[in-house]
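Next up, some structures in structure tokens.
Next, two complexes with chain A in common: one pairs it with chain B, the other with chain C.
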Partner chain A sequence: MEIVEKIKAYKSIDNQSEIQKICLDKLQLSPLPNPKSEQWRLSNKSKFSNFLDYSVNEKDLNFDAPFPNTSQSIIRLVIGDNFPINLIEENYSITQLSEDKLVKYIKGQISCFDHNENWSDLLNLSLNCSKNTLGLKISGSKIPPIEIFSNASSNSLNAKTLIIFLEKNCEIDLLQVNLGKDNSSLSQSTFLCLEENSSLNHGVVSYGENKSNLLNSLNVIQQKNSEYNLGSLHFKFNYARFEIRIKQSEGNAKTNIKGMQITKKDEQISTYTKIDFDGPNGFLDQINKSLADDKSHAIFEGSIIVPKIAQKTDASQLSRNLLLSNFAQIDTKPQLEIIADDVKCKHGATISQLNEEELFYMRTRGITLTEASKLQLSSYFQEIISFIPVSKDRWDLLDKLLNEN
Partner chain B sequence: MESKMKESNPILEVENLSASTDNLPILKGVSLTVYPGEIHAIMGRNGCGKSTLSKIIAGHPSYNITNGDIKFLGENINSLEPEERAQSGIFLGFQYPIEIPGVSNLEFLRVSTNARRKFLNKEELDTFDFEELVKEKLEIVKMDHAFLSRSVNQGFSGGEKKRNEILQMALLEPKIAILDETDSGLDIDALRIVASGIKKISNTQTGIILITHYQRLLDEIEPNFVHVMSDGQIIKTGGSDLALELERKGYEWTDNFIKET
Partner chain C sequence: MVNENLVKDVVKEPYKYGFVTDIETEKIAKGLNENIIRLISQKKEEPKYLLDFRLKAFKKWQKMKEPDWAGLGYEQIDYQDIIYYSAPKQKEKISSLDEVDPKLLETFDKLGIPLTEQKKLTNVAVDAVFDSVSIATTFREELAEHGVIFCSISEAVKNHSDLIEKYLGTVVPASDNYFAALNSAVFSDGSFVYIPKGVACPMDLSSYFRINSGDSGQFERTLIIAEESSSVSYLEGCTAPMFDTNTLHAAVVELIALDDASIKYSTVQNWYAGDEEGIGGIFNFVTKRGKCLGKRSKISWSQVETGSAITWKYPSCLLLGEESVGEFYSVALTNNLQQADTGTKMIHIGPKTKSTIVSKGISAGNSINSYRGLVKMGTKAKGSRNYSQCDSMLIGDQASANTFPYINSQQPNSEIEHEASTCRISEDQLFYLQSRGIEFEEAVSMMVSGFCRDVFNQLPMEFAAEADKLLALKLEGSVG
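And now, the complex of A and B:
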């Protein structure tokens, strides 16, 4: 059954929200992304089809967070909890966006959508109901770190949407955790708007279980003098796509991205990034790491768009990849599209294996090959993990990456 | 030349060893026996096979032994993995110690030391106990504690890297240490520190092989035997005076030995 019919069968037209109707109409015209398009040509067709196989589900079974939130200083939210949020403290406020504002904002976003580029968002918004949408407005200072969870239940296709407006001069640490259960598909779309002089340290940690799938789309708009730092980690998904679209709408903003994807068995995980500089003096420092083992496939495609208006842009995009098996595959394509003539832009890609001489050195000190490889990998991982904000130590990310199959 | 140490069993016996890499023969029948308490020096031109010999004894996977045996404490170790050789007491000090970004020197030293201790049936050390031990060993090579918090050899000067090698040797307490051009890149003071460290660590139960080009290290550590290598073979063996003669006459002098061989 095609995805549009599946959604309609689950939810009659009378029960659909305005946004759902708009998105379904768009999807109806062309229900699937073009497999020949740049964004989708490397996507594994059977895995993508498996993503859409599960039944649409708006309800979550009881969600058990991986560990209790024992820290008083961290705000923990679960998308779909429907727990009203209205935190107004002396220095800051975190309040829920009204339905009207949400609809208005999302409609504005949809009007700019490109079918192939934003197909994941179109699907997300077609599937989603207001219950599984969390819209927040954050302002003030000394804001406690925030953890936000999204999850998919077993044998279900769940969609979660997060929208955050960060008001002027506001600084926060936010960790977004996407968890996939056995045989599940999670569609997660996130829209972030950073107003002038605001700063967001954003962590995205996504990991699944057996045969879980993820479409994770992240859309960020940065106003002038804002700073956006993203540390991301995706692993243990049968199929996952992480799409990052960042627009420095007026230039004069700063973006730092350190991302990593780890694939094993026959998994496929890809990262697509598009960074648009729509004004002068923009800054980007991006590093994306992939590690592919067994028969898995890791993909990175990044593009940096520097139009004429974006003079004095300083952008760097580096893709570093480790291929651990003769049967694994890595595709990487960092790209620059520069029209402006006074810019400093660079990009590069490396694919290598574990360094044999480093391994031999460690082995001559009595360290086994397995341990030596782990030591090397841990140093490879640490650069990214250390960039992820909020309670990363409690998540034992390094241990998960080194010791779980 | 007879050694006064030969009453005990040899630590290392290299017997008619030939080895190649990528089908290119490098060693062509090397024989060498080291008894406890002995210091051997191996000298020779660049590319004569000195470093290859050290790597093959340590078990480098890029080289194939095509003939001959390496015996350590009487056991053939030809097929042992590098880590098994290291755990049992073979230490290779690298000519160019490898930098390992992101791996803390302290953790690296602790994991290495515990691997050796485990082999010796000694209790493994936790972080606190290891800190105590390493503090004591740092004195031997006059290294600052701050080196421990940095990544292995990363950003170290040439001298610091070599001192870090000797620190590892001190922690691992090997039965035999093969030090590949440990003196290269060292200034006079650093050479003295390294040489004094080697002397402090060595004893009547350990063997040392010094691979070097220069007499200056051998002025600090007097060898019992000096071997001259050329084209994958040991072409002459003598006492410490052989190194002095080499220093005076140069390697051209040894070309006559090749003809004789």
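And now, the complex of A and C:
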């Protein structure tokens, strides 16, 4: 109940938006997710309660950009920066969604929420104000890449919401960057709707500082013939959860996911994915990598759901994990739930350490152990990083990761 | 498309073990309370420690909740509406098979279980359990020559009390789970095997469980102890008559392997599965676990699960001894409205331990077939390895196949590999076989058999042939 009280204390009923009221009512019934539910049972309880410890904050203070300067060919947006967006060019248009459409869409989403599964979204929407919600409608082609930032301020709990409608035949590269500050909690919920024939290359890069926490939820609806490519990277969070829910609402869509999480010290980072195929001829290729060092804990749970209607689905899911320390821990659970009979579904999982034979080979060629390990790690990271759009030329993520490891 | 109607015309093979033996039985009143447990213990003339074990388990059970995480849909079981002890009436003590009620011998004869002398040639020693009691155990003298003890657990309580006291409940503690606690409180009979040091058991041992009574549950308990450098292959089979009501079967199997010992435990489970509408059938909630206590010990589970309305079963290995090995080979077939949630747990505790999991699930009709497994590498399991493979085959678009592998590793110097796939009977292959003059049913049966080959290869000879036949029969009429 504490969290509900906290939100109410911060925002009186009169100031609450319609969405906030609906979500608060839902939260009031059972304020926290069930710790025994499949989605939350591995979540570290003290870290999770630490997430909720901070006071709610709607304003961002001193947001300096710790990231490369923008170039003219890139559109940069910061959630919370209150300026109207209205870019109408010859080939494309990026406009802000009207309040009505936003509310209608979110209400539709909330109506199918499951308390445990969508708890992060419920929290986000009950915390959030319209100032920290960015709703965009994008159409056209040859659109310059977009970078969207969400950040938390120190010693506070911030909530940011992003909603994007990609209209028919639209193609775009989008990089979403979530930044955590010292002792902060960020709740980021993203809702994407890909209309027919649209294509989105989506990158999600989240990194924090000392004791940052993150609840990052991503909800994607894909209409037919759409293509959704997601490259994600999460690291340096005391506690982070990345929840991905993708629905191919009519099937006949393509989804590629390449995600990675890196944990060190006593961090806990988890990725939960749920892919629903609600129509035939769906395609999914997913790989999730985890690297756990020191006393950290990395978790991956992925489910693929193929109902009777989803004949000819082709789905594969791979969980590859590196465990580098005697005190670290990795949990992985790739799962398949299939009813349609004419499908190709497979999953795989491996947990191991760096390949000793490869290390030995490199050392016989005069490469030091440290260098050899770095080489191995870089190839391990590269597969994911190269899949993250926009960042490639300007963000040297590989370098950043290697220096930190 | 494969012709849906082609096989619907094929006459279905009825469950051929569904008959009831008309025999006078001794039953106690329905219900479960302390007095019932005392009564069971008294009937079996048990020592005090065992009664205490039962009562303690009962107290724990009362505080426990029936697990619902497997998501199996079945009607609430009324535990007070079950008879917890039912035994065919017979003379007090039986000194030879000749004194066993001929009706019982006839029953097992009908089931193809070699109890009578002329059938003993098969060289498999059998312990036959009918409802709550063990009827007969064959080849006992021959086994005794090698020091092997093979008898019912009730007898073992009387004659080898020290071993029972030492090992009972050490692998599956009474508080392990809801059904294990229930079993610990009310277990009636089961088999006991003790293989002394350095002995390779000269023949396969086998238990045959038969539920005859419709209103009594079966709660058998099996305990197998393999001393240093010994080995044994154990086979288990089960059938039950067709009733409209559901019968509860909650068994516990405990295996203990010491240094260099090896135990191979094979099951062909063919309890009555209920009819096409899902009426009747056995609720099979079983806890099977082996403890590789000794260095280089090995426990291998192989199972063919074709029966039961509900199957909830996870034969597991606790790999404690250095370089110990755990194996799990399983074929689970569900048809009509059957539900199976089965898999294994491989808990690697000792260093250099190895485990292999091969699971094949076939779901047909409106059934649900789930693989649920856990592979855990503990902090001391340095140099350990696991390989898991879970394949599912779907027949028809109403059946469901799920895979839930839980993997947890706390040891960097260990390797875990898991792979799973889902397929259907390939039309190309069917067409090829049919074009070569092989009948449709036979072609399907061949392909199913090929799909399960990795597991069948692990079964003892007697079982492999039976399993193949069983699958073909079970699938008859379901392939479309």
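We adopt the following convention: the second predicted complex is superposed on the first by the 398 of 405 C-alpha atoms of A that agree within 3 Å, B and C clash if a C-alpha of one lies under 4 Å from a C-alpha of the other, contacts with A are read in each partner's own complex, and residues count from 1 in each chain.
One rule holds for everything that comes next: a contact is a pair of C-beta atoms (placed from the backbone, for glycine too) under 8 Å apart; a residue touches a chain by one contact, two chains touch by 3 or more.
All figures in this text were calculated on a predicted structure; none of them were measured in a lab.
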With the two structures overlaid on chain A, would chain B and chain C clash, or do they fit side by side?
fit
Determine, under the contact definition given at the top, whether A:333 touches first (chain B), second (chain C), both, or neither.
second
Partner, of chain C and chain B, that touches more residues belonging to chain A:
C
Could you tell me if A:380 is touching chain B, chain C, both of them or neither one (first, second, both, neither)?
first
Give one of first, second, both or neither to describe whether A:287 is in contact with chain B, with chain C, with both, or with none.
neither
So, A:398: does it touch chain B (first), chain C (second), both, or neither?
neither
Just chain B (first), just chain C (second), both, or neither: which does A:110 touch?
neither
Classify the contacts of A:361 with the two partner chains as first (chain B alone), second (chain C alone), both, or neither.
first
If we overlay the two complexes on their shared chain A, which of chain B and chain C does A:369 touch? Say first, second, both or neither.
first
Smallest inter-chain Cα gap (chain B/chain C, superposed on A) in whole Å equals 12
Can you check the complex and tell me which residues of chain A touch chain B?
356-358, 360-369, 371-372, 375-376, 378-380, 382-383
Quick check: in the complex, which residue numbers of chain B touch chain A?
58-62, 81-83, 85-87, 91-92, 94, 97-98, 100-103, 107-108, 111-112, 115-116, 119, 151, 168, 172
Chain C - residues contacting chain A, complex:
377, 379, 392, 394-424
Sort out for me which residues of chain A touch chain C in the complex.
308, 311, 321, 323-353
